[in-house]
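Order of writing sets the labels: A, B and C. Residues in every chain begin at 1.
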Amino acid sequence: MPRTTFEISTTRRCELVDVTSKVQDAVRAAGLKSGLVVVYCPHTTAAITINENADPDVRTDLLMALERAVPNEGFRHSEGNSDAHTKTSLVGPSVTAIVEDGQTQLGTWQSIFFCEFDGPRRRKVWVQTVGA
Amino acid sequence: MPRTTFEISTTRRCELVDVTSKVQDAVRAAGLKSGLVVVYCPHTTAAITINENADPDVRTDLLMALERAVPNEGFRHSEGNSDAHTKTSLVGPSVTAIVEDGQTQLGTWQSIFFCEFDGPRRRKVWVQTVGA
Amino acid sequence: MPRTTFEISTTRRCELVDVTSKVQDAVRAAGLKSGLVVVYCPHTTAAITINENADPDVRTDLLMALERAVPNEGFRHSEGNSDAHTKTSLVGPSVTAIVEDGQTQLGTWQSIFFCEFDGPRRRKVWVQTVGA
């Protein structure tokens, strides 16, 4: 069993959901003062990223850019979601952030996002910490 | 010297090779019960990802989508493999997975893949563990 | 406060800056013998990658390939840098490398690069180590 699990519900096919405060809750619950936190997605059509949380247009543009780079056409996989599998490998299944003084260290404009590429679905996120 | 090294042979220019059981062997050999495992590719035209292992069409589609997003044309590098270098930075040189109870924790449909983008070649994979 | 911070100045809008020796300095300063080093970018229009450092054409080609995959057009975000935000999520906010014998373990042709996608700017890089 991974150290901490939380669940989220997505509401559209493609969507970025801010999970920063849930990650920080997990860091606090683990009692970690200094080390690393890994935020891991156990699904194959969803990913984790870190990006800007100020202007929601950034998230809209990011999803549009991914759709242009990976158009969902000409694929063989019968489930029709090969674009989602590809975006997952491009963005990546996890992020690793630094923890100091019991706090996840993020830049001024950074938040941690769950990236849904084949929703809406009920999804899980796993969080692991290492350090002291 | 990295903690554990294993080798694989790829047979095509682009190919996804399942290395999940070799990673689990390295976790067991390291005696790690709880922590993180990092699977690292020391090459610059190959990467590591986590994705679906049920329908092989997913891997075929993923490689095709990468080829469409990064067509190998108009480049300057004389070795003719700049597409492979680019795909490597997009997919990433490593994955980090959670270990609990001595087991690499993966979602139901997830496997760990070595991504060959300029084969066929003999390749190395490095595995490091941290935790208790 | 993250364990180690260093700063760099970028000189163009898009640029790959080799930070390998600065990362190794941070590993040495931390006194880490065996474990992991995480190189983390606290900005949302810049990323970290590992790739070839022998032929500078590889870096030129990589930046051109990213520009073709994510053309900066048709976006809504008023700052006009949604391409940079997207490239950041594709390449990723950090890399994790293995440390053994006090040395960052890299493949023969690998270096660690700061990826500027919206420069020129003054930028920070954070480095964290875990292990023994």
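Keep this in mind: a contact is a pair of C-beta atoms (placed from the backbone, for glycine too) under 8 Å apart; a residue touches a chain by one contact, two chains touch by 3 or more.
Just so we're clear, the structure is a prediction, and the values are computed from it rather than from any experiment.
Contacts between chains leave no pair untouched here, as each chain touches all the others.
Overlaying the C-alpha trace of subunit B on that of subunit C calls for a turn of 120°, given as a multiple of 5. Annotation: 19 Å between the Cα-based centres of subunit A and subunit B. Each of the following residues of subunit A touches two or more other chains: 36, 69, 90, 92, 96, 130. Those residues of subunit B that touch subunit A in the complex are listed here as 34-36, 49-52, 55, 57-58, 60-62, 64-66, 68-69, 90-92, 95-98, 100-101, 105-110, 115, 130-131. Taken in their complex, subunit B has these residues touching subunit C: 1-3, 36, 38, 40-44, 69-71, 74-79, 82-83, 85-86, 88-90, 92-94, 96, 124, 126, 128, 130.
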